[in-house]
Amino acid sequence: MAHARARPLEYGESVLLWEIGRDRTFMITLKPGEIFHTHRGQIAHDQIAGKPEGSLIHSSTGAGFWAFRPRLAERMMKVRRRTQIVYPKDAGWLALALDLRPGMRVVEMGTGSGAFTILLAQLVGPQGRVYTFDRRADFLENAMGNVAQAGLADRVVAQVLEAGEPFPVEEEGEIDAVFLDLPEPWRAIPQAHRVLAPGRPLGLIVPTAEQLKRSAQVLEEAGFGALEAVELLERRMLVRVREGVRPSELMVGFTGYLLVARKVLREPEPDESLRNENE
Amino acid sequence: MAHARARPLEYGESVLLWEIGRDRTFMITLKPGEIFHTHRGQIAHDQIAGKPEGSLIHSSTGAGFWAFRPRLAERMMKVRRRTQIVYPKDAGWLALALDLRPGMRVVEMGTGSGAFTILLAQLVGPQGRVYTFDRRADFLENAMGNVAQAGLADRVVAQVLEAGEPFPVEEEGEIDAVFLDLPEPWRAIPQAHRVLAPGRPLGLIVPTAEQLKRSAQVLEEAGFGALEAVELLERRMLVRVREGVRPSELMVGFTGYLLVARKVLREPEPDESLRNENE
Amino acid sequence: MAHARARPLEYGESVLLWEIGRDRTFMITLKPGEIFHTHRGQIAHDQIAGKPEGSLIHSSTGAGFWAFRPRLAERMMKVRRRTQIVYPKDAGWLALALDLRPGMRVVEMGTGSGAFTILLAQLVGPQGRVYTFDRRADFLENAMGNVAQAGLADRVVAQVLEAGEPFPVEEEGEIDAVFLDLPEPWRAIPQAHRVLAPGRPLGLIVPTAEQLKRSAQVLEEAGFGALEAVELLERRMLVRVREGVRPSELMVGFTGYLLVARKVLREPEPDESLRNENE
Amino acid sequence: MAHARARPLEYGESVLLWEIGRDRTFMITLKPGEIFHTHRGQIAHDQIAGKPEGSLIHSSTGAGFWAFRPRLAERMMKVRRRTQIVYPKDAGWLALALDLRPGMRVVEMGTGSGAFTILLAQLVGPQGRVYTFDRRADFLENAMGNVAQAGLADRVVAQVLEAGEPFPVEEEGEIDAVFLDLPEPWRAIPQAHRVLAPGRPLGLIVPTAEQLKRSAQVLEEAGFGALEAVELLERRMLVRVREGVRPSELMVGFTGYLLVARKVLREPEPDESLRNENE
């Protein structure tokens, strides 16, 4: 892995160009002979190929760009979009709430553009597996293109499914985490309960207070406990030597409510209670 | 991994008890014959051992608790604290900003209580490696106890170091990510630059606007680009069937400014510029 | 008024004591011979009487306090509370949304502890009038005590009323603004429409998303337009010479949703439309 | 005042047109024979004149608009701008922090476009007085045009002044409140101290953490105490019957840091201390 880091940027790879001074980014796939046209001049892909990550590239008009391999969050933001995506600020929170780690088996429903699929695939690693489902074949096709471009297709299984249908997974009752990004997530909750291992988390994102409430109700009815709901506000800080430090005026006001819960076993333990233990 | 999920809770394991109705949590290590004293009665460890995750446990007074394996974020919050810790909301953002994935080699300076060390260790997985440094041996000892309790000691190397001293790592120039949690992070930035692979990220957290500014200045001088600074606000939502949906009155107002940057190579490409390419 | 400013603090007046270094405040009414017991020693009321505003007062243990006349916002926070109050951050927004100015006639329902009544009374001035209603006589009695202590009783009329009953005001159809702080504000909205002058605003505060929605629906049905709903987050900033600038960790996460609308006349103008004008 | 409310809209008055369904607003001054061109058709001023506030007006294409007299906050947002203005969310907070009420004498430096001047003038009422100063005569001229359009010129005195020059006011030492909106507010703070009555507040707004810190330092040196610094976040809520309730995605991320302090008298009281009082 460390050795991979030292590899120069190669044809066929995704490259993130960071426009110096403006902090805007562009993602391209390196191809011999191709030209990237920016609003500040042109860059030949051949200028980039063979250079190490972090190299300074000048456009034909002299504007400076850093050439990087895209990070996970940048890939998520740069997917070819057919739908609203899960933003990195929310994705980071969900990654912890879903307790993702290498080797896990996870289920996603509402693949959309595949941004969150890419996060799941990266964090479960090559030994893990991601099952992702969407009712629309065209969304899945686009999303799997995005996943493949990120080099993560080996661990992702995609399939068309309607919300409420059983999840066709090998590890029924042993899935490590479920994520739902659906207009009516409550429809998929009972099936999510079936595939999850006891104690393991289900996360979802919804845009309105009403959906948040209904999801919470159905989660509790379906055998989930330990509910947590949050929303996150991310503020960019402007850090300028001369002008001083302050929050940016530009801000995304809202992206969604996040809800996480864990599969619980409701039948109480047989009452061989503490008193007996102490006898 | 999936099989591990089905394992019952065993003696020697950490268990998170979630108090139903109050949403408070307690972390204990299961030991035969021991009693956990809550403000709402007692729970015998023996009631828990052998049960699956997600089981409902009743205290001697009848109060209900869910028994879970702690998730990463819960472990982070429950470490034995000797210092301020990095909160999950910030940790999730940093995990994406540092682009962590299985197999990576990462460096942390300012181990503190080891909460973020645990996150790094979990996300790089058993094939990865975490080098963590702190100037205080007692902090390191406590932190490594926390790491060991999380079952992650196999991939973590801890060592006493002053900020500004060279990082003793095998993979000089090939480290995948660096995280600094120091009162004067600028002192460690030049050495961080040396160990990082080109293009790879350095992240840090600081409490004040002045530290944010000085860190940003030193990062740029030391050969970093693509700076991004943010702060995150997390709002808990109360989702109650009768009383309705609203944000919680309780809120942590501020935990720190997050700053991330990437190692860049400042010498511009030799000027075999676009014009020549097009000839 | 300017002359009043120069008056020394007198017996019978409310005085705000600001604890230097801790930024905590206490409100007392000056009485000859009385002692104020703080956690940092005692202060005799006689030390304060006769001094100008802004004087430095030392407790018996040497702790320093500034003596001020309370500002409106401080009076609001220091009322004898029987209920939740409207916080200054929300009150300031509402004062603008309700377009308060000297001489106005305004109606409040849900007097509660009278904090917002005090704001209304101060901003409409001695030529204005505040009608305030509550279903509980004991709340009104307490609130009017708070209003009297603020020296504003001359312009406030209080009366027991159930939500939904007609507002007994002299200026039916000519009231300048209405404010509702009720669990079911929709019950009072039709009567509020009756007393308001055309185009003038009604404001309300509610704690949940559901109440916000139902209020908005009933407002539109009852003949209100130009709805605006917001919530406000106030962050204290810590400004310290040595330690630097940063937001406070302490923060009130939520106080309520604010909703404002204006009485509109729905019958469209007779259709002597633009075309005719141009003939 | 109440009678004024019932007055129909007249030629020469400012009218706020609220576009129904889009919640956009336009401010015009009614003139006989004039046409207001919207992106959704035309409205003749003659359609509006003579109608009561709150009337429904249709454009030539049938689009609906409510016709209102502008509220204070709307006038502030619609001034002819030559500079950045103080936003209503901040203005409401400052109105309370400056403890404005009818009859007061207040000083403003940094008139800018006059938005905050209009707020001061409305809240001190016809018996109050606003002294406003700016170093640029052209800003003052534009601002006074905005003040006059709001019908508040009778109580406002405007004069060119450099920050640091003495404030030429009649009520030296008796001014009720001072507001500074300057790039270097610290230059005007000592003179503000001279004109203020003891105990009375000075407020200011600055865009950066560095300015906030320097302002706080100079305030304390100049004889101010009881400092409070905040920033406010305003979130619009979308309240839709079908789609549900949620915060708006559009949000202004930052408008400024607000700082308020009060003039204090630093010489301690003569030490006829508590012990003597009790003898």
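Should a chain be cited, it is by its letter among A, B, C and D, assigned in written order, with residues numbered from 1 in that chain.
Just so it is clear, a residue touches a chain if its C-beta (ideal position, glycine included) is under 8 Å from a C-beta of that chain, and two chains touch if they have at least 3 such contacts.
Because the structure is predicted, anything quoted here is derived from the model rather than measured.
A count of contacting C-beta pairs for A-D and for A-B identifies A-B as the more extensively joined pair. Against reference pair B-C, the listed pairs A-B, C-D or A-D yield one interface repeat, A-D (criterion: more than half of contact pairs the same by residue number). Mean C-alpha positions place chain A and chain D at a centre distance of 44 Å. Centre-to-centre, using mean CA coordinates, chain A is 18 Å away from chain B. Counting partner chains per residue, chain D has residues 209-210, 231, 233, 235-236, 244-245, 247, 257 touching two or more of them.
Partner chain D is touched in their complex by these residues of chain C: 1-3, 5-6, 18, 20, 23, 35, 41-44, 46-47, 51-60, 64, 66-69, 71-73, 88-89, 91-97, 99, 101-105, 119, 122-123, 125-128, 171, 173-176, 197-201, 209-210, 212-213, 216-217, 225-239, 241, 244-245, 247, 257, 259, 262-269, 271, 273-275, 277-278.
Residue ranges of chain A in contact with chain D, taken from their complex: 207-211, 231, 233, 235-236, 243-255, 257.
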